[in-house]
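Look for chain A in each of the two complexes below; its partner is chain B in the first and chain C in the second.
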Partner chain A sequence: MKRLLSLLLLCLAVPVSAQTGLPPAPYADRQLDDPQQETAARDLMEELRCLKCQSQSIADSNAPMAGDMRSQVRERIAAGETPEEVRNWLIERYGNWVSYNPPIDSAVTWPLWIAPIILLFAALWLARGRFRKPKDRE
Partner chain B sequence: MNRWLLWVPLVLFGLFFAAVAVGLMMPKDNIIESKMVGKPMPEFALPSAIEQRPALSSADLKRGKPTLLNIFASWCVPCIAEAPQLLELQRAGVEINAIASRDTPQDVANFLNRWGNPYTRIGADTTSKVQLELGSSGVPETFVVDGNGIIVHQHIGDIRQEDVARLLELLKDAE
Partner chain C sequence: MIAETGLIALWLAAALALLQFALGAIGLRAERNDYFAAIRPVAVAQGLFVSLSFVLLIWLFLRSDMSVRLVVMNSASVKPLLYKFAGTWGNHEGSMLLWVTVMGLAGAFIALFERSLKRQTLVATLAAQAFISLGFYAFLLVSSNPFERMFPVPAEGQGLNPLLQDPGLAFHPPTLYFGYVGLSVAFSFAVGAMITRDVGAAFAKAMRPWVLGAWIFLTLGITAGSYWAYYELGWGGWWFWDPVENASLMPWLAATALLHSVTVLATRDGLRAWTLMLAVVAFSMSMIGTFLVRSGILTSVHAFAVDPERGSFILALLAIYIGGAMALFALRVGTVKEGSRFELVSREGALVANNLLLSVILALVFIGTLYPLLVEAVTGEKLSVGPPYFNLATGPLALLLAAVMAAGPLLRWRRDNPKALLNRISIPVLATAAALFALALFTTGMSILSLLGLALAAGVGIASFAPLWKRNLRRTPIHTYGMVIAHFGIAVALVGMASESSFTEERLVAAKPGDEITVNKWKLEFEAIEPLAGPNWTALEGRMTAQYGDGVLHEIKPQNRMFAAAQTQTSEAALLTRWNGQLYVVLGDGDSEGRWQVRVWWKPFVTLIWYGGILVALGGLLAMVGRLRRGYKQRKQREFAEAML
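And then the complex of A and B:
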């Protein structure tokens, strides 16, 4: 009985909140009324990196800061900015790092785009022997 | 086929394995520096975070004298750790303004009562809007701003004892 009671009490425990108690920004989890704008905002959110939990996009993250970024994205798009303008606004502040779709404009980013193509050709070249007709066995 | 060519896949696998191992074992570098360093302070006007201190706008940060802009929150533990250093900087004559990130007036007041209040002005940034404008990605962070409102330096994380002298030097250079 005691054990059951302590188990039940454990269920009531609230995790210590290391984060803010404030509610999220207005448009963090609220869709825009215009479906076209909402789609544009949504697509952009999938390509922006969360600053707190750095392997997630802001669309996937529950961090309060990601919520605030989603709200900023929606508010800016609702105000008539294009997704590229919003992306550039963030890149201006945080660098290419913040975007999951980095431009080919620096020594760091071009291998990202070139490497897969080089690897593909290398693989084709390695495999070319396999596609040849085995003439000598005829 | 050349004999050495047989080894290519194994070498490639070895490289791949090494890259993954290094990625797993090296601690992740989580610091994202703001690209706003060297640029003018973005325009903003925040309401006051507590009754006892006035509100903060970007105009307050270009009054001819270099200042510190500290981003903190009552829910942030490293902010407690840096409180003595901020008080020391204030005693050294530095004007420190603050942005309270995602906080309530009551919580900010309690925090400052407990750990000291080195701030001249405190703005309440309840939706991280100004923080995003600044290219800041967390709390605590401290910006050194020169008298014309140009951001000179960004200090990420809590200010430790060994950082105080450097910040004072940066403030002096910004004059």
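And then the complex of A and C:
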């Protein structure tokens, strides 16, 4: 509920801040000068959900809120934070919903990561004993 | 009157479907030959009536009849004719009617032309088809009547989502629907064969063209959808693992597996139960694909018909179809013998590996798509599963699959010698190793997946032509060429994907007219911004020139469109295609100081993704033509031989 409320507040807050004429997010559509940092920021932005869009990353969205988040990501990366630190900061604020990369050590998302292994074993088990051995050639 | 006639035709078609199902079900139980004789004309009549209904709906859209609610909600009289036409199926009701129309036509087609199947199996197939259609008829007539009138009659319609006003998208949904329906026909064949316990090579040969046809349409549909998303949404991505994209990918994965296992069944009479299972899964996936998208459960850019009230109806239909299919499979699978056996190192062995890998990938896509819904329903917590998960979970398996694909066609049926295989595949392996070495030496910052993908594509590309090695090319059957081209297409697409994700260069600038923008070897001159008006939109158009190195000067005009009716803004990217890639330019918003946001990408070899997809579909088409021709010739020969006796 709290999360929902803060989300709601956030939705309301964006247009308000626009009205009060605060400076727009400086790095929303401006690349960082250091190409390595820009690549890191870009890779992270592609893995973050635009919270006001339907199924788009913040890298791909024209929504104002996505622009604010892009700017935040670039500024934090430029200030020396690692992408994972930025991601965790955003997850703390918005929950797992914001990251397209489900964490492996979370109570609800770990099954996703062991699914490939279980399925591979299931496939091998299905195939076991189906084949004729080269020895029993007639 | 048009709308009422359409509704009457729809009711009649539904009644005929019920009759078709009853004739089949009672006829099979009581073994009444006269019932069997009646089912064919009934199937043809059902196809005709449902087509009439759909044609009338198209007519309503073309003449913008604003007394029909569906037209009001999804069309506007100012819209270009093509989009009025395409608007017929760009909405929930219309697309459902299209689905059941294609289904009805397929039923009529089977009734008229299918000659190789046993009579009982054919009757059971037609009955199963009618049963599937009945669910759609009920859905349309009870909860989504496309012909509903509206009073008072508004003066103007509310238009169609401007994003969808694009020739690519006008034909993207029907293409996918043809694929889905093809899979449901294949499923009907499987049901028919399970009911009459007639699972064998003949049944597989009758089913194969439908699987191939469905697979061709799905391949084209996904390729077109991917290209549409790429150029229309204006962010330069070609696949986002969006739930709706996944909903179209899952039936394709199942169909690909089915296509390969049905070949084992048709050629070697093996993998009987497995093929039936895949037919059931492929059909289930196409149902899930249709209904999840239509129900709006998966909210995304594609979900233009969000209506939770229909959700329960949809879920009930899904449960009946998929549950029924699985139950029938469980009941009958015990009586189906698995068929001829084979060794691990054999053509069949490679095809089993193909099937298992595709199934695991399918299961992962399925889990990744639906798990967030499950978690949200149970705990209320929202989570996202996107590209990082899907790429990591399915990427390595897809590469393994590509390696199996290179080796499979070089293996003999039933059993082969591993050493002989190594001998045959040595050149592709060397090519892969050489490519890997060169890439590691000359490139930096490639992800492991892209690196392996690119290297593997070199080997797979060569290996795909190996089946033609030392063969008389004139006497090689057409379907072998089909396989070669389809496999080569996969390698081509793989190059495009790996190259796009590794070598794309991006430039974001706030530019004034007169500024110069450079990316890679491209030099762009931003000349001016000019206003522009279209039939139902206004736009700002950027005038730019672009030059690659010292090459020709190209004019490009990215647009920012404003649709008045829907109050929506879309950006029309400007694309410049060269043999070695594509330049992608998007015009964004302007600021108070006269600067414009311009995004420029240089995407090396990105077009290979879709050329690959087209090659794969072309290979499928050749395989289908080859198979049908051979089947026709064999039947003629048999008839001739019988006539001589």
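Keep in mind that, in the parts below, the second predicted complex is superposed on the first by the 105 of 138 C-alpha atoms of A that agree within 3 Å, B and C clash if a C-alpha of one lies under 4 Å from a C-alpha of the other, contacts with A are read in each partner's own complex, and residues count from 1 in each chain.
Methods note: a contact is a pair of C-beta atoms (placed from the backbone, for glycine too) under 8 Å apart; a residue touches a chain by one contact, two chains touch by 3 or more.
It should be emphasised that the depicted structure is a prediction, and the values quoted were computed from it without experimental measurement.
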Greater residue coverage of chain A in the superposed arrangement, chain B or chain C: C
Chain B versus chain C as contact partner of A:Ser71, first or second or both or neither: first
Chain B versus chain C as contact partner of A:Ala115, first or second or both or neither: second
Partner chain in contact with A:Gly95 - chain B first, chain C second, else both or neither: both
Which superposed partner A:Asn62 touches (first chain B, second chain C, both, neither): second
Which superposed partner A:Ala25 touches (first chain B, second chain C, both, neither): first
First, second, both or neither for A:Glu46, with chain B first and chain C second: second
Which superposed partner A:Leu126 touches (first chain B, second chain C, both, neither): both
Partner chain(s) touched by A:Gln54 [first = chain B, second = chain C, both, neither]: both
Intersection of chain A interface sets (partners chain B, chain C): 54, 95, 97-98, 126
Complex contact set, residues of chain A against chain B: 17-22, 25-26, 51-52, 54, 64-65, 68-69, 71-72, 90-95, 97-98, 126, 129
Of chain C, residues touching chain A in the complex: 233, 235, 237, 240, 242-244, 299-301, 303, 338, 341-344, 349, 352, 356-357, 359-360, 363-364, 367-368, 371, 375, 379, 381-389, 393, 397, 415, 445, 506-508, 510, 569, 571, 588, 597, 599
In the complex, chain B residues that touch chain A: 1, 5, 8-9, 28, 30, 32-36, 73, 75, 77, 101-104, 107, 126-129, 131-135, 137-138
Chain A to chain C touching residues, read off their complex: 29-31, 39, 42, 46-47, 49, 54-57, 59-62, 95-102, 108-109, 111-113, 115-116, 119-120, 122-124, 126-127, 130-134, 137
